[in-house]
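Following: one structure in structure tokens, then a few remarks.
Chains here go by letter, A, B, C and D, matching the order in which they are written, and residues are numbered from 1 within each.
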């Protein structure tokens, strides 16, 4: 059960933090349609966060709510992969990060449709509808910008090179993952890798982007609560009101 | 008035809608472009003061609601630019005029959002005032504008209710929350009254616009209506409208109220509002930093079209 | 007494927030000597904050400490002028902001040497030693960069134009200022203006910079707790630990 | 060995200091430039992990102490670049090599600072390890380097005490604070051990450097000394050193301890540490964004010199 709780936090923290990063674009996108699509993606991810952390709170059964988990845990207790907490930089990094994550997310949710936990399967089914669209959109943009101008190509390649060493954490398993896999709740992270690589290879190829040669699992630890220096700043901002006015209702 | 103009005016008087391909006076077209464009720009710039609190929203649900709202505003911008495009002016052209300062957006967005209660006040007062302006415009004479307004009004009234719900939570919350709610009302009351524009006696284009049904009510009528509806809402919240002269006038059947500081209004219009420079710079920066992105998509579209063309030639 | 408390918060909040902004440069300065000088200035300003807010806490006599005032007040309760909370942008803005503030600060502290409150006079005497050096340094840099290359001149002029409408708030008085002036504690803000203008005019002239023509008191309200949108983000970061771990000792 | 070299070595053996203008072997000069430069770079890059917490320091006093410390580090960088300059290499040249990745800085600064306890751990362990390295270097053969080390050591030991004081507060604080303190020790223990470099048997230049008194002790000696001093300090804090094999060896009169993961060490050295890219980019960006500033000051200096020159001509 503590493993199940941890695993649910990982799911919910990934969507919370990625949603936060994407929402930073609000009103600052390069074109109106993109402003809308980014807000929409962030909105979906916050919705998933409500479901995952809501279930985590139920499983924990300690009187905490999804909001308590989102707004009252410090960085050491956050369980998202480091990939999602990296700064937005430009749209190239934002989209490439989203694509690398979406390609994993869709495989994960698809596998979770078969989860031994009906609650997990139900959340996955709801989220999958939206995430199917996310990966379609981010793949499409990676292709178009990769095969666009020299500048857009260079920016996408730079984003890929920079983000690549963070992508592998999505496929690293630990005790929590093993316990949850054994309970039939979720696949082992490594099991999703082949399908992810097929998607990524195909999209990068069409985008005329070069897959980096270095290790893709250099940066790890987020799932165990060891983050980059960026997460603390995200949380300081995100949690301010709940921290400053404890017990208030909003 | 030429015979054409007379016929045009008669159609309007009969309540007919004017459609894009039909003849219209130059002044009608120009006034519409200015008004629709300004409204579209307001939606776009209007994302910023609320976007300012998205990353700090206090609960997941509030964050989701706020995101949805800001997304709607971008959507409204899109409808309105499309309506303007039917008048022969492109979105990029209008955007250029916004960024160069040649076209305006609603001055209300030059005020900062300083506490979470401002998310309530903006929804309640700013969207509330916008709706007062927009509801009659659903019956405006220009077809595409009228249809855009119908879609927009539906969403705006939803936003206003959400804003009021935030104010309710704050006004009935802890003493600090109540203080924030009152402070937000204090800061947004007069700027909201300004949203209807100066008194009609000082307004230049009003008469012609009203004849054309581009403007459906006078500024003062709408402002009065806003005050009449809003004051009881403030009372229900237990908040005090920052106007000592405010009182119900039985004879008029309306509230008497103080005019906003019109000097401030003109100062903000001139660029001396609290956030004019920052708002415009944020939009400019977004546009400039997005150039490579737009260029990339265009280049890909050209390549893809060329590929399709050569594929179809090869197939022949 | 409430006026005295408010006035002390204004003094301490100005130095706290300006110190915070300057400290953001740490490790990112354009040249090593500048890294050192910026850290040193920030350090001085934090020291002044300790003294002003320490006295404010004593005057309030409600069991709060300087740290409570610094770390547990939200933006509406902060009393600094808006000038000091503006983002750093580049070194030109950072230095010009510092110069406009220093030129006021040195006049204020000099006047406070005559304060009817011996505690205030004592703090002013301590702070003045450091602030005398601040204004010397920032004046000097404004001159050298204003009269440097075309680019450095343009950047300094842009900074001046942008900051000018915020400078005037330093000289706007209200009830608090009147009460404190009447009590012989501090000069009326407007009394410092002539000396400030002499300094500013002389330095800008030597720096070959053009004094802006527009009003210099467009942006106001910070002293009464109406700030720019920037202050909330500053405080979210600055206050995080105290908010997240209430009652802990550090 | 040439007669010159022999005489040089004899001076060193007698404990004489070598001064800038004096003859020295090329290898001596090169090794010193590399070592002093690397140390200077470490001071500069070392500002970043601690600078990361200045804006979030939990009290005014802690903020002031941290600011003073980071300022000291910049000052140390300055002393060391000056010492390197006496060997004929300019600060800009060294900076260029840092930014292009040709010269290294201490790998410890490629680890992130994740909680406030890290401000304690960095002071206690990182400065502690640095001092172990530096105290003997006060007796190094090169005069300017030796004198820089004397100044630096004084301040560093002050920093170490401050770091330990933070750890004490945390380790004796709330359960969350204690957890942060333990976590910081867990993360910094092995990287601190790595600061002494790989075991001497794997170290190439050690013998010559020791003969020249550029290096005063072997890496393993210093590492052992660090462990011996630090373990009791950890015990006093009530924290657990993350090494299950750690135990006192009565026969050796030292602690036995586990070696750090040297594969990780070489990975970080290759650029695959948690923050390598970000640290170097932060410095590069600071340098590039500061170009106009440095150019501006130079241009002013030139103008001022020209003005002085023409004034003195006019005065003749």
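By our rule, contacts are C-beta pairs under 8 Å (C-beta built on N, C-alpha and C of every residue); 3 or more make two chains touch, one makes a residue touch a chain.
All of these numbers come straight from a predicted model, not from anything done at the bench.
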item: Joint neighbours of chain D and chain A, given as chain labels; value: C
item: Whole-Å gap between the CA centroids of chain A and chain C; value: 41
item: Centroid spacing, where centroids are CA-atom means, of chain C and chain D in whole angstrom; value: 34
item: Where chain B and chain D are represented by their mean Cα positions, the distance between them in whole Å; value: 57
item: Overlap residues in chain D, where contacts from two or more other chains coincide; value: 56, 176
item: Residues of chain A whose C-beta touches two or more other chains; value: 74, 232, 236-237, 240
item: Pairs of chains satisfying the touch condition; value: A-B, A-C, A-D, B-C, C-D
item: Touching residues (chain side chain C, partner chain D) in the complex; value: 16, 20, 23-24, 26-36, 39-40, 42-43, 46-47, 49-50, 53, 66-67, 70-71, 90-91, 143-145, 147-149, 151-153, 155, 237-238, 240-242, 245, 247-250
item: Complex contact set, residues of chain C against chain B; value: 74-76, 162, 165, 214-215, 218-219, 226-229, 232, 236
item: Residues of chain B that touch chain C when the two form their complex; value: 49, 52, 56, 112-115, 176, 179-180, 183, 187, 267, 272, 274-275, 277-278
item: Touch list for chain D against partner chain C, complex; value: 44, 47-48, 51, 54-64, 67-68, 70-71, 74-75, 77-78, 81, 91, 116, 166, 169-170, 173-174, 176-177, 282, 285-287, 289-301, 303
item: Chain A - residues contacting chain C, complex; value: 74, 232-233, 235-237, 239-240, 243-244, 246
